[in-house]
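Shown below is the structure under consideration.
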Amino acid sequence: MNAQLRQLLVSAGGIVGAILIWQFVATVPMAGGPLPPFSATFTELTQLLASGEFWSSLADTILISLLGLGSAAVIGVVLGILIGSFDPFRYATLAVLEFLKPIPPIVILPLVVLIYGPTTQMAWFLVFFGCVLPIIMQTVAGVHDADPVTLDTARSYGMGRTEVLARVTLPSAMPFIGTAMRVAAPAALVITVVAGLLGGGPGLGRSIYQAQAGGDYPSLYAYVLVLGMLGLIFQGVSRLAERRTLHWHASYREVLPA
Amino acid sequence: MAEANVSSDATVRLRVDGLAKSYGTGDKAKVVIEDLTFTVNAGEMVCIVGPSGVGKTTLLKCLAGLQPATRGQASIDGRTISGPPPEMALVFQDYNRSLMPWLTVRKNLMLPLRHLRLPAAEAKERCDSALEAVGLSHAEHQYPWQLSGGMQQRVAIARALAYRPEILIMDEPFASVDAQTRFDLEDLCLKIRQDFGMTILVVTHDIDEAVYLSDRVVVLGSKPAKVLKIVDVDLPAPRDQITTRSLPEFARQRTDVLSLIKRPA
Amino acid sequence: MNRKAVNWSLGVGAPLLLVALWWTLSSTSTNTFFPPLSIILERFQALWLFDHFTSDVLLSLRNLLLGYALATVIGVGLGFIIALVPVARWVLDPLIHFFRGIPPVALVPIFISLIGFGVEMRLLSITLAALFPTLIATVDGIRSVDSGLKDVSAVYRLTRREKMVQVYLPAAGPHIASGMQVSLQVAFIVMIASEMLGSSQGIGAMTLLAQQSFMISDMWAGILLLGIIGFAANLLFEIIKNKVLAWYVGSKRLARTA
């Protein structure tokens, strides 16, 4: 109990220390430079929180992330089941998927901006492109992980193809899909920001770009702080959601510490 | 080195004196070992038996200097143990958690030897003879995870042998291997003592094994752990899995130990 | 056997077919967004193989490698300290988790505001952004080193240095490697972003510039090159990882078949 309290105090001290150093560096050696003091950033942050413009950017960012993530999940899982269930599909797509997977969406950003312009669709498409491949590949892996004995049992009970899919294949692929979603959710946020920052899409990314281009440093830092917190929320929620929906699964239970 | 001690036959090498161990402090303290006192003479083979969960592993961790005792002390040649003693090696119960999976069998043996900064020729010679003693010369370039459980435990024993400790402590070394391998490893233990003149302390929950191996058996009982009795085993040497175990004397000794453990404390 | 041959030819054939399809379908294309592949390849050769090879391609790759190498060294080193020194962990843990929440690309505008558009900015952005995945994975890896292995190192009286180099580092190896793989992706993304946001040099800048000046074939050539680099970097990493962690790959494969 005592040790825990001390640890908490040291952690709090670390945060306070970091803020003090920031304040000091910004007001003494770099006074008047591009690094705004923490106090100015904090004031800016409170003003942002009171402005409607901020909330609409935030809403855009979250909406685009979720739209991209949701559409990637639906299409990714469907394609993944299709590819995973039929060997010819799997072999035909293997090389293409393996080639595309390590290529981040920022690579095709110029093309997508060219076609859609600085719009919501542009950002949505980038998020979709970035999230769908890992979801497809994890779903394929999950479909292949289905226990052959369970599959045989299901068939011997006379279950049809769709029934086997719904009762056996899909549930056994769920942990894989869950893991893919947990990784994809924070990535969706990052891509939305990239689309705003580099492609001019709506949301916090664009706000950051405008703050930097306009030399409005306190609000630049305030936006980055907001993004940091939003990132933590996305990570936390996706982890919690995965745990909630998959708590029944044996392979997931093993991962949790006793 | 050790010969001088072995010759005067009742020299106490390892002494455990009023040792107690509890985790936590105050009201929430959990007493694992209440009060243990016993000695191990130079060149002796002593087994500690007791029901599972009685705190045998905790005792070994105190002896090996991995954990400090709460009260009392353990000492080697009169020196209190406060950290891992240089003349001691330990074979752990979980072979798959004590061998480095990224090293081949030979390199696992070399790891402690590199620390000793031995001349290359001597290190090689020690590895070779230790591998030969456990019958694993053919597997030296394999990884531990490619071997069976019994073979992995033999690698762990070989690593201890190559270190040439004067005192060897083993924590339920044969708990997770099959019966045949177990007999082989027990005989390996007896052979090691004969060939290397080590002082050996083995913790086990198998009473037959304890009687078969030991000069003396320290019987632990109840929770928290305390010594119920120290039994002298006088079975003739050399011991043999078939003849020794069929001696009436063997049956009497094991019954003695068993009745001690079975009796409600 | 026959089935295997079919699968193999599908695996090799499908991507070839796709490229052939692209070639023929685009050969007569008058769509400005999708120029003929032959012209893209022509531009690819003209742009990257000679003109801009040293000035842009090598520059980008050098930044990527240098930033990534720095991030790896600092990440692993700092990871060791945080994992093994409790006070360092208490102080730095909350800060690290906050920084991890910030989309790495959002740090680029901050560095631009602090040190301008130069090479140093790009290098620093890459290093800092790529630092966190490796750092966090290293901390996790060391903290999950089996207590059995720690006991063994204590019993055989290994020195602190021996423990670090011969026990902790290899034992945490698989964790560190997966962190390093994420870091590599992040480094690549930030390399592109830092060039696109504020530089006239590098592959990313060239590609975005081509898009903005409506030189569509040049833009495609840039996308193609970036795609190849992303794929090749990941492939190279996989090959090295499988070599260095051969023991881990082998033991996992054995555990699966058992």
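Residue numbering begins at 1 within each chain, and the chains themselves are lettered A, B and C in the order written.
Simple rule for what comes next: a contact is a pair of C-beta atoms (placed from the backbone, for glycine too) under 8 Å apart; a residue touches a chain by one contact, two chains touch by 3 or more.
Keep in mind that what you see is a predicted model, and the values were worked out from it rather than measured.
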### Message
What's the contact topology between the chains, one of line, ring, star, complete, other?
### Response
line
### Query
Taking mean CA positions as centres, which chain lies farthest from chain C?
B
### Task
Could you tell me between which two chains the number of C-beta pairs in contact is largest?
A-C
### Query
Roughly how far is chain A from chain B, going centre to centre by Cα mean, in whole Å?
52
### Summary
Whole-Å distance, C-alpha centre of chain A to that of chain C, is 18
### Query
At what distance in angstrom does the C-alpha mean of chain C lie from that of chain B?
49
### Query
Considering chain A alone, which of its residues make contact with at least two other chains?
none
### Message
Give the residues of chain C touching no fewer than two other chains, as numbers and ranges.
### Response
none
#### Entry: chain B-touching residues of chain C, taken from the complex the two chains share
146-149, 151-152, 154-159, 162, 166-167, 170-171, 173, 247-248, 250-251, 254-255
### Query
Inside the complex, what are the residues of chain A that reach chain C?
7, 10-11, 13-15, 17-18, 34-35, 87-88, 91-96, 99, 101-104, 106-111, 113-115, 189-190, 193-194, 197-198, 205, 208-209, 211-212, 215, 217, 220-221, 223-224, 227-232, 234-235
### Complex contacts: residues of chain B adjacent to chain C
61, 64-66, 84, 86, 88-90, 92, 94, 97-98, 100-103, 111-112, 114-115, 143, 145-146, 163
### Query
What part of chain C is in contact with chain A in the complex they form?
6-8, 10-15, 18, 33, 86-87, 90-95, 97-110, 112-114, 185, 188-189, 192-193, 196-197, 207-208, 210-211, 216, 219-220, 222-223, 226-227, 230-231, 233-235
